[in-house]
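Across the two complexes that follow, chain A remains constant while its partner is chain B and subsequently chain C.
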Partner chain A sequence: MRNLSFRVPRGGTLAIVGESGSGKSVTSLAAMGLLKFTGGRVTSGRITLNGPDGSTEITSASENVLRRIRGNRVSMIFQEPMSSLDPVFTVGNQITEALKLHRGMTSRTAKDEAARLLDLVRMPNARQQLDRYPHQLSGGMRQRVMIAMAVSCRPDLLIADEQTTALDVTIQAQILQIIRDMQAEFGTSAIFISHDMGVVSQMADEIVVMQGGRMMETGRARDVILTPSDDYTRALMAAVPRIGAMTGRDAPRPFPLLGEEDIAADHAVPEQAEPLVKLEGVTTRYDVTSGLLGRVTHRVHAAEDISFQIALGETLALVGESGSGKSTVGRTLQHLVAPVSGWILYRGTDILSLDPEKRARFKREIQYVFQDPVGSLNPRRTVRQSLIEPMRVHNLLTDPDRQVAELLQAVNLPSEHADRYPHEFSDGQRQRICIARALAVDPGLIIADETVSALDVSVQAQVINLMMRLQAERGLAYLFISLDMAVVERVSHRVAVMYLGEIVEIGTRRQIFENPQHPYTKRLLKAVPVMDPDTRPERVDLSGDIPGPVRPVGNPRRPHGFVEIASGHMMADDHQLFEQEQQGEIQA
Partner chain B sequence: MPILGYIAKRGLQAIFVVVAVTLFISFAIRLTGDPAVMMRESANVTPEDLERVREGLGLNRPFLVQYWDFLSGLVTGDLGASFFRGPIAPLVSDALGATVLLALTSLVVSLIISIPLGVYAARHRGSVSDQIIRLLSLTGLSFPNFWLGIVLILIFSVSLRWLPASDFRSPASLIMPAVTIGVILTATNLRIVRTTMLDTLNQQFIMVARAKGLSERSVIYKHALRNSSIALVTYLGLQFGSLMGGLVVVELVFNWPGMGTLAVEAIAQRDYPILQTVISFLAIMIVAVNLLVDLVYMALDPRIRLE
Partner chain C sequence: MSAFKSFEFVAGIVLIALIALIALIGGAVLLSPLLFPGGGTAQSLVDRLTPPFQTWEYPLGTDPLGRDILARVVVGGRVSFFVGISSAIGAVAIGTVVGLFAGYYRGVWDTFLMRFADIQLALPFILLAITVIAIIGPGLDRIIFLMIVAQWVQYARLIRGSVLSLRRAEYVQAAQCYGLRDRAILFKHILPNAMGPLVIVGTPNVATNILLESSLTFLGLGIDPLIPSWGGMLAGGRNYIQTAPWVTIFPGLAIMLTVLGLNLLGDWLRDRLDPLGRTT
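Up next, the complex of A and B:
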């Protein structure tokens, strides 16, 4: 990183945006004087903290001075709530640490103050939570603990590094709300580090755009978002999926990326007589055993009574938050797990009743592309080996060299790269290789499980455009599993919203996004941060967490039917029950 | 309390382990020779004499009857008598005491040395002192323990005449056997501490602790060490069996009057009752240590506490 300058005004919020490797996290560590613990250092320049008792130079301060500043005048919220808290100490212990250290409190008063702080971040039963351990809390609750810890000494500056990236959207909305409340309460300045333009647009007064360790653009948030002056910023903004950008269009269309504007045409589904794949009443549960004899006491109701169909050339998006069972549906469809009941018809054949040999043929027809391209490619195999293997298994290998070259070409990779290993590629390229591997066996349906979620926005847009092009060329059907509503709006023909293992609403993209009916769908859509600096976000309800789908044996959720809103637009008829549950009137 | 249920479950397991191990040992040792033959002192013993000896020792009864007698003795606390050396109970209790003393001394000494050194090496990874510590640890690992024992005896007993070479007469007798075991233990523990500490120091919650403004001491000895000690405890539990194996050899080298020496003597004399008892106690000890490790593990790591 070099030559970066910015100032954060008192009480104001600055956002640093950029893609991976842009140096935005290094900036935050430097501001805390923590860089030396990662093996880096500030070679030139100054970082100054101005406070009521004079200013401090972070870059030249001694470790003793820095320790008094850290957690006290400058504090930080880290990205991964799952790994930011020490697993072996209670939440209370970890919050009181800073209070005792910086505010000289005794154990007893620190504990009271910690309870008050947890209350402030709207932690239910704050006092009891003090004695719990991090693993007993959900990601959203842990992030609340982190925030309570960060504001415990009323810092002048709060640095939040991708603080909501790992969270579900409804939880993200709560956390952002809490941070805004804390800033208002304590008059804290903040630096937000994020790749999510929606979040940035909601929180920031000023924006710094970084790429490859350089500052590309800086200015007032509104100006940078609406009228970016730098080419990189413009490209970045074009690649950001914006919810509502597709309003009024029936069919999905690719991102209008620089140099790819010509392909931005609608992708309609071709007319056809029967669906490619059809699920009817598919239910998948996992047993939870306990006790000496391993009796089944609870069941995870991962997918309950799931019915939908996908036509050739169509994309059905499955959206929902953690524990909604969307990945279970994907795995059931690829027979990685066996359903308890229900039918899966593929081109009219009931594939669950087939004998294993015949079923193998259908395994070829349905391919999976996972979220993590690093973990799903064998690091000791070249791209060629990874591509050839599935073709050999299914006896499709005729001319290996030509086939590999064609596959790489199809995903826009040079065929000379066939003999490289996965680590020689970027994340986006690796995800293309995974797609090529899925294409190798000429499938009818590809299950894309969070395929683009971990990618930088510009890369994400390219991969999505690629997937849409392949769909048009080959008539592929996609089951697109995602929690990013803006991406879903861009790619899908139809959308199914899942909550606790059940489909609560299904319909065409326009029906779901333009006329959502089920309260959960509405809540989900409202929680998505919108990249529009002119609308300030609505206040969200701060209570509540996402419940889990584990239920005791013999106590299944009450089955529900569907009401038809419009042709092809169905909503679960339990919506009143859902609203009552949300208000805590009855137990789920 | 679920914890009591858990202990009961492990106790049940211990019973199965002891039965399985002793049954096997009792059976196997009977294949290797006849104690009656070992007992005859002169060459002119008649077959009738041998039969009388067997009858006297109860060896003419069916194997399972003999085994059942032993098991019921173990349960009622009546360990019976050895073939050659009188009542077993005092023999085994003396030997057990000596072995536990030796094992605990080596363990404590090794932890006192390996934890600070391992932490230091992890914090100064790649530095000269880290290299030296790793080299020392590798050297320690490379010594076969019997050889180290003999070399120590040659230096400190034979040449310098500072320490007694064998037996357990004074606290000074403890030094060399404990050092011999301790060197190997320290060398491996050092590596475990260093590696797990390095892992832990790279965790995000360590950076969070630093970002709170905690002192390095608090970061290292409160947050990092408690987390890395989980792996160390697991490893110590797994290592206990081989530590016992090592003890047997070292006890023999120093003629240390422990369980190992007792077992080896009993094997040489085909003294079934002693051997069966020693093996049972070793099996119980291993199960007990593993239970202890599990309990410590639960105390250290709330994630695996029973719900």
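Up next, the complex of A and C:
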């Protein structure tokens, strides 16, 4: 990182945006004086913290001075709520520790203050929560604890490093609201480090754009977002999926990336008589056993009575938050787990009732592309080995060299790279290799399970464009599992919204995005941060967390039917129940 | 060039030298009957407890029975090496296969095997050793068998642990998606990625087994005490450690160098197997 300078005004919010490796996090560590723990150092320049009692130079301060500043005048919220809370201490212990250390409180007053802080972050039953351990809380609740800890000493500066990236959108909206409330209450300045332009545009007054350790552009948030002057910023903004960008269009179309404007044409689904895949009443449950004898006491109702169909060349998006069962549906379709009941028809054949040998042949037809670009390739096998293996399994190997080269070309990778190992590629390239591996057996349907969500925006846009091009060229159908509504709006023909293992609304993309009916769909769409600096978001309801899909044996959720809103647009008929449940939680 | 300054390069040179040393000892193990016709058992009470570096006849001195220590170290290497390495390999092999299948398929067999492993780990080794040797009798092959029986469990647990996390790895699921057979998944995708800890735990195990053999021999449960082995020499020289330290120093040194060499070899092997090259 070199030659970076910016200032954060009191009470103001600065956002540092950039892609991985741009030096965002290094900046925040430097500001905390924590760089030396990661083996770095500040070679030149100054970081100054101005307070009511004079200014402190962080770069030259001694470790003692820094220790007094950290957590007291500058505090930080990290991305991973599980690993930034110590699992062996209760929540109360962790909050009171800083209070006793920096504010000299006694145990009793610190505990009262901790309860007040948790109340401030709208933690339900704040006082009881003090005695709980981090693993007993959900991700969103843990983030609230982190924020309570971070503001416990009334810091002058709050540094939030990708702190909502790991959260579901509705929870993210709550957390952002809480941070805004905190800033208003304490007049805290904040540095937001994020790659999510939607979040940034909602929170920031000023933006610093970084790339490869250099500052590319800085300015007022509105100017940077609406009229970027730097080429890199412009490219970045073009790649950001914006919700609402597709309003009024029937078919999805690729991102208009720089140099790729010509391919930005609509992708319509060809007319056909019979769907490629059809699911009817598919239910998948996992048993939860307890006790010595392993008795089944609870079941995870991961997917309940799922029915939908996908046509050749069509993209059906499955959206929902964590625990909604999106991945389970994908895994059931791929036989990674066996359903309890239901039918899966592929080109009219019931694949669940096939004998194992024939079913193995069907494994060719449906392929899976996973989320984690690091974990989905065996680190000990070269790209060539990884690509050849599926073809060998299905006896499709005729001319390995040519086939590998063709697959790599299909995903825009140079064929000379075939003998490299996965760690020699970037995340985006690895994801392309995974797509190539899925293509190797020439499938009809590809299940893309959060395939692009771990990628930087510009890479994400490229991979999405690639997937759409492959769809057009090969007539592939996609089951696109994602929680990023803006991406879903860009790629899908039809959308199914899942909540607690059930489909609550399904319809064409326009029907779902332009005329959402189910209260959960509306809530989900409202929570998506919009990249528009001129509209500040509405206040979000801070109560409520997503309940889990675990239910005791013999107490299943009441099955629901569907009401048809328009042709092909269906909504669960128990939506009043959903609203009651949400209300019920507020009372609890 | 700068390669000569790099730590890995220097360490590599040292390592190769040590491997050569082990190879030399290994060669000597094969040649020892020719070089030392007495086989290290010839006694000469006149020359008992000769200090090292005094005569050409006994370069490393003699023990309390006047036996040539150099000859005994070299000949003893035959037994110690064989016991140490074969028992470790046997335990690793059995433990790996059991751990792989138990971890991958889970279910009843997993529960059964792991509970069995728990029970076995609760048994003190000496108790197990006395019981097993009492039933099958002493001897070189018997104590190797005993060590394998006693030690496969730790490898099975180690591998099972890795497999439990690797079976959820997305590349394993991807292989399931394109219909690769379970056995191929286990040996091509899971095993190579689970090998790292095995090598780390396995190499020092060779050393502990060399010492274990001496304890067993000392208790009369191992091999014939007249056959020279490094562990046996250590045990035999114990009473003279104040007056004639060389009796224990040289076999001890032999064990130490062997173990050091094996550990370096293990580290090198692990790094070689890892395509990431230098892992931090």
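What we mean here is this: the second predicted complex is superposed on the first by the 584 of 588 C-alpha atoms of A that agree within 3 Å, B and C clash if a C-alpha of one lies under 4 Å from a C-alpha of the other, contacts with A are read in each partner's own complex, and residues count from 1 in each chain.
Here, contacts are C-beta pairs under 8 Å (C-beta built on N, C-alpha and C of every residue); 3 or more make two chains touch, one makes a residue touch a chain.
Quantities reported herein were computed from a predicted structural model and do not represent experimental measurements.
By the touch criterion defined above, A:D442 reaches neither chain B nor chain C. Once chain A of one complex is fitted onto chain A of the other, the partner contacts of A:E280 are absent, as it touches neither chain B nor chain C.
In the superposition on chain A, contact is made by A:S75 with chain B only, not with chain C. Once chain A of one complex is fitted onto chain A of the other, the partner contacts of A:D112 are absent, as it touches neither chain B nor chain C. In the superposed pair of complexes, A:D205 makes contact with neither chain B nor chain C. When both complexes are overlaid on chain A, the residue A:D532 reaches neither chain B nor chain C.
Contacts of A:D223 after superposition: neither chain B nor chain C is touched. Residue contacts after overlaying the shared chain place A:H102 against chain B, while chain C stays out of touching range.
Applying the stated touch rule to the two superposed structures, the chain B and chain C interfaces on chain A have no residue in common.
Within the complex formed with chain A, the residues of chain C that make contact are 169-171, 173-181, 188-189, 192-193, 273-276. Within the complex, the chain B residues that touch chain A are 5, 9, 203-205, 207-215, 218, 223, 226-227, 230, 300-303. Partner chain B is touched in their complex by these residues of chain A: 32, 34, 37, 66-72, 75-76, 78-80, 83-90, 97-98, 101-102, 133, 135, 146, 149, 292. Of all the residues in chain A, the ones that touch chain C in their complex are 334, 336, 360, 363-364, 366-368, 370-372, 375-381, 386, 389-390, 393-394, 421, 423, 434, 437, 440-441.
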